[in-house]
Amino acid sequence: MADSTFLTVDWAIDWLRRSAAVVAENRMALIELDRVIGDGDHGENLDRGFSAVLEALDAQAPATPGAAFKLAAMTLMSKVGGAAGPLYGTAFLRAATTVGDAAELDAAMLGAALGAARDGVVARGKAEVGDKTMIDAWTPAVDAAVAAAAAGAGPAAVLDAAATAAESGAVSTDPLIARKGRASYLGERAMGHRDPGAASSALILRAAANAAGAGA
Amino acid sequence: MKKLINDPKTVVNESVEGFGLAHAAHVTVHPDPLFVTRKQAAKAGKVGLISGGGSGHEPLHAGYVGYGMLDAAVPGAMFTSPTPDAIIPATLAADSGAGVVHIVKNYTGDVLNFETAAEMAQAEGVEVRTVLVNDDVAVEDSLYTAGRRGVGGTVLVEKIAGAAAERGDDLDSVAAIGQRVNDNVRSMGVALSACTVPHAGVPSFALAEDEIEIGIGIHGEPGRHKIPMENADGITDRLLQPILTDLAPVAGDKVLLFVNGMGGTPASELYIVYRRAAKVLADAGLVVERSLVGNYITALEMQGCSISVLRLDDEMTALWDAPVNTPALRWGM
Amino acid sequence: MKKLINDPKTVVNESVEGFGLAHAAHVTVHPDPLFVTRKQAAKAGKVGLISGGGSGHEPLHAGYVGYGMLDAAVPGAMFTSPTPDAIIPATLAADSGAGVVHIVKNYTGDVLNFETAAEMAQAEGVEVRTVLVNDDVAVEDSLYTAGRRGVGGTVLVEKIAGAAAERGDDLDSVAAIGQRVNDNVRSMGVALSACTVPHAGVPSFALAEDEIEIGIGIHGEPGRHKIPMENADGITDRLLQPILTDLAPVAGDKVLLFVNGMGGTPASELYIVYRRAAKVLADAGLVVERSLVGNYITALEMQGCSISVLRLDDEMTALWDAPVNTPALRWGM
Amino acid sequence: MADSTFLTVDWAIDWLRRSAAVVAENRMALIELDRVIGDGDHGENLDRGFSAVLEALDAQAPATPGAAFKLAAMTLMSKVGGAAGPLYGTAFLRAATTVGDAAELDAAMLGAALGAARDGVVARGKAEVGDKTMIDAWTPAVDAAVAAAAAGAGPAAVLDAAATAAESGAVSTDPLIARKGRASYLGERAMGHRDPGAASSALILRAAANAAGAGA
């Protein structure tokens, strides 16, 4: 897989578009995960939110990765609702703040942006790893990204490492009892079911990696 | 899934539009972002009261917009908390200079979205206080859960805090009385059948023909545990027992007894539950001073009910009795 | 069959007992024979108004006992008209010397039992007039049927005739205004699912997952015909068209639009139907002056709704607006 | 089958008790008939009414057949409700009036009593033969009873003829479209289903015949 040293706004836009596509494709699957241990709206909410992101991208092309993240943040915050809306919104907002108006992002900045995004989710939702939330995908993803960047990997490899870690992180929620969010009401009955937010986080991080691979 | 709808995507908008048409004398519907305000502006200087949350719990919350209760309501998507971009203008509309109280049911999504909106409204110069409703004893309230959910008690908080605002209490007082109601109310629910969220198209959980779900929430989320079907008196006892254990009222306490239908249960059944609950409370030496029976906070077409018990004091009783004029709750005017 | 009941045989008695406990400020329940009267006696010389019918349609009729509406209600067994031995004492209780109006839905059983009771009450010196409600356009009104059924229009007759009695109209006038309401109202219903009568234990009819029953009555009796499921706007049009054909209003007519839930339909869906119905009426040049949306005359937990359109005149509108204070309908006091 | 020339109050009481038994036995079957073309309460209503008749008989033993009919009339009228309550109530009341305080009923009086009962149902319900109501059982029953009495049959044979005719009458309602009662709302959809009131009438008239046979 080709790997450029920097990712530009084209990558950011492609990431958001790919996220919208993958969320639309997995809308029913995410609804189904949430139906079992939540209230069955996660796929619907994210699909509504990312469709609005597509519309926003069509209306105004962001000039920098940071601007793209901010557009996503504001749109998701106002269109998704539920728990996931503010959490994803905060994640993109913190990422936007971290990258500022840089035109290009290198591997280290990517790691820092993902870390800030994760920290934003924690600041809002107070979840720790093992609480059966999207944090179970984000924290290993951030760790893997930072490690890959430190080891000298380029942006695409960093994102690939993050996505792969997020995917295992999502799977790791299966046996857990939830301690945050709606699934926490279920106690032991949540065991054996994947957390929908962790699943959607893995999909979205994989979209980031694919965008970096494709856009190289 | 058979529903009187046109399209899962337009359910909330069309429904609120119809609500606005039917209650044009009471409310104004603002379509985008979606929120509902009183038709007659409250008197200047009155503390504003708003609430909101996922749709599917009607008449909550828009049905309680009007004199003596809410100034505005913010309906989210089906079972999904509304977003700050709708909560903020509703907050601004509800403010007449004395500040606004947000009544928020304790769900992660509601808390986060109202939190953001409150921050932004404060930045625009509106004082905001939040009353978090968490009356559902089905959920263990511990560091290891998202805490108790807000259910039936929400209606009582909105009524009593609304009356306090209407009589001229200041921002902190209105929030305090709302908090006092929440501190003194406990609820628990049961589902005989699940409901179907339109966009999901299948029931939110499965119940066998002889099973019921104890400790159900109002979002079609599964409850505490499934048990084999029992008769109404037995189910009523199962709901009341944890309520009474947790509320720990003493003989002679005055209470409000609220039997709430989940949407698909006939009134006749709610009254059978009420009958038993009233007896159990009387046997415990409690005085049922006020009551409310009907579909006030629902989960679409779910069959089942919740029971709420509110320990009253004289001020709460007076505020409960105060005139209210909303589409769904009305007396004294 | 999962229901919040203890025993099919005691459903009605326990439910009405609970109703009496919950609304002790409004009503008195007389257990045997079973009937319900106002707690506060009406002023002497007021024409009495009573109604009754099979149970399972709650809040009809007991929910409408109170100031401005009924003086007494007589709940029969489930879906079974009450018997004269209950209707007679209710009639006597409702009489304060000015006579009593029986509001009777047009079903053979109701007609025969009220007929007998009226005869016997007259023999005891109470003047009785009967208003027969038959607003259901789903049924052909001909010599070859039992005639149109009384459905949603019943609530409107009870409210408006009740207000006429409260303002002091004499016996014939109250009966006449009740009759006028009946003459000007038409209704039609739809079921998305059947209901289950507790003593039968199985649904009253079968509907496939993609079928609905047009022209349903309120007793779980099958309707006019089954059709494949349609969206809410399409169903609304199907209900309204025969209503408008039969009522034949002209542009500029003022109407009351009543969307009634059958018991198992969420309020949000009723408002989607209301929205469409209001548009269709507006397009026909009619002025929707008043509206009512909710579960007012139900068929247990049936999913579906009925639409009623009442052509108003100024007197009917004023009587509709007059204060009413009952467990299920309340405004102005 | 033995046949006495007169039937006494013992027969009348036995008839009512047998009616109660047969209605209880057929409660679900009558509910089911009514569920299909009515509202599913006919069996429940009659069972409630005849149970009350049993209680009334236990409380006060009537002295004459007429008193027994009157007791049944008043009890059914006040306990059955629906359409069937007033109709059966009127039937027994007219029969009571017809037999007066006679201690013994002969075949002719039985025919007259059945005729008066039928006329009472017609007076209240305005149904004709062919309207798919209990009249489709009662009218052939009365005709058969009167004919048998005129031909010199004893009471038991008269009642047997009536019951047999009522049974065919009930069957004859199967293909009909209803023109009275709740089934009339169904139009052609009532075709192919037996009228519940005609079915219960046949059961009750058969109970009368059995009581006469058994009590001979």
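In order of appearance the chains are A, B, C and D, and numbering begins at 1 in each one.
By our rule, a contact is a pair of C-beta atoms (placed from the backbone, for glycine too) under 8 Å apart; a residue touches a chain by one contact, two chains touch by 3 or more.
Protein identities per chain, from UniProt: A, D = Dihydroxyacetone kinase subunit L; B, C = phosphoenolpyruvate--glycerone phosphotransferase.
All figures in this text were calculated on a predicted structure; none of them were measured in a lab.
**Student:** Just tell me the minimum hop count from chain A to chain D, counting one hop per pair of touching chains.
**Tutor:** The least step count works out to 3.
**Student:** If you average the CA atoms of chain B and of chain C, how far apart do the two points sit, in angstrom?
**Tutor:** So the centre of chain B lies 29 Å away from the centre of chain C.
**Student:** Averaging over Cα atoms per chain, report the distance between chain A and chain B in Å.
**Tutor:** Centre-to-centre distance between chain A and chain B: 33 Å.
**Student:** Go ahead and note the Å separation of the Cα centroids belonging to chain A and chain C.
**Tutor:** 55
**Student:** With chains as vertices and touches as edges, which is it: line, ring, star, complete or other?
**Tutor:** line
**Student:** Would you please name all pairs of chains that touch?
**Tutor:** All touching pairs, sorted by chain label, are A-B, B-C, C-D.
**Student:** Can you list the chain B residues touching chain A in their complex?
**Tutor:** By the definition above, chain B touches chain A via 33, 54, 76-86, 107-109, 112-113, 115-116, 138-140, 144-146, 149, 197, 199-200, 202, 204-205, 217, 219-224.
**Student:** Which of the residues in chain A come into contact with chain B in the complex?
**Tutor:** Listed in rising order, the residues of chain A that touch chain B are 31-32, 35-41, 44-45, 48, 77-87, 124-125, 179-182, 184-187, 189.
**Student:** Touching chain B in the complex: which residues of chain C?
**Tutor:** Contact set of chain C toward chain B: 2-7, 11-12, 14-19, 21-23, 55-56, 58-59, 63, 192-193, 209-210, 212, 229, 231-233, 235, 259, 263-276, 278, 288, 291, 293, 295, 298, 300-301, 303-305, 325, 330-333.
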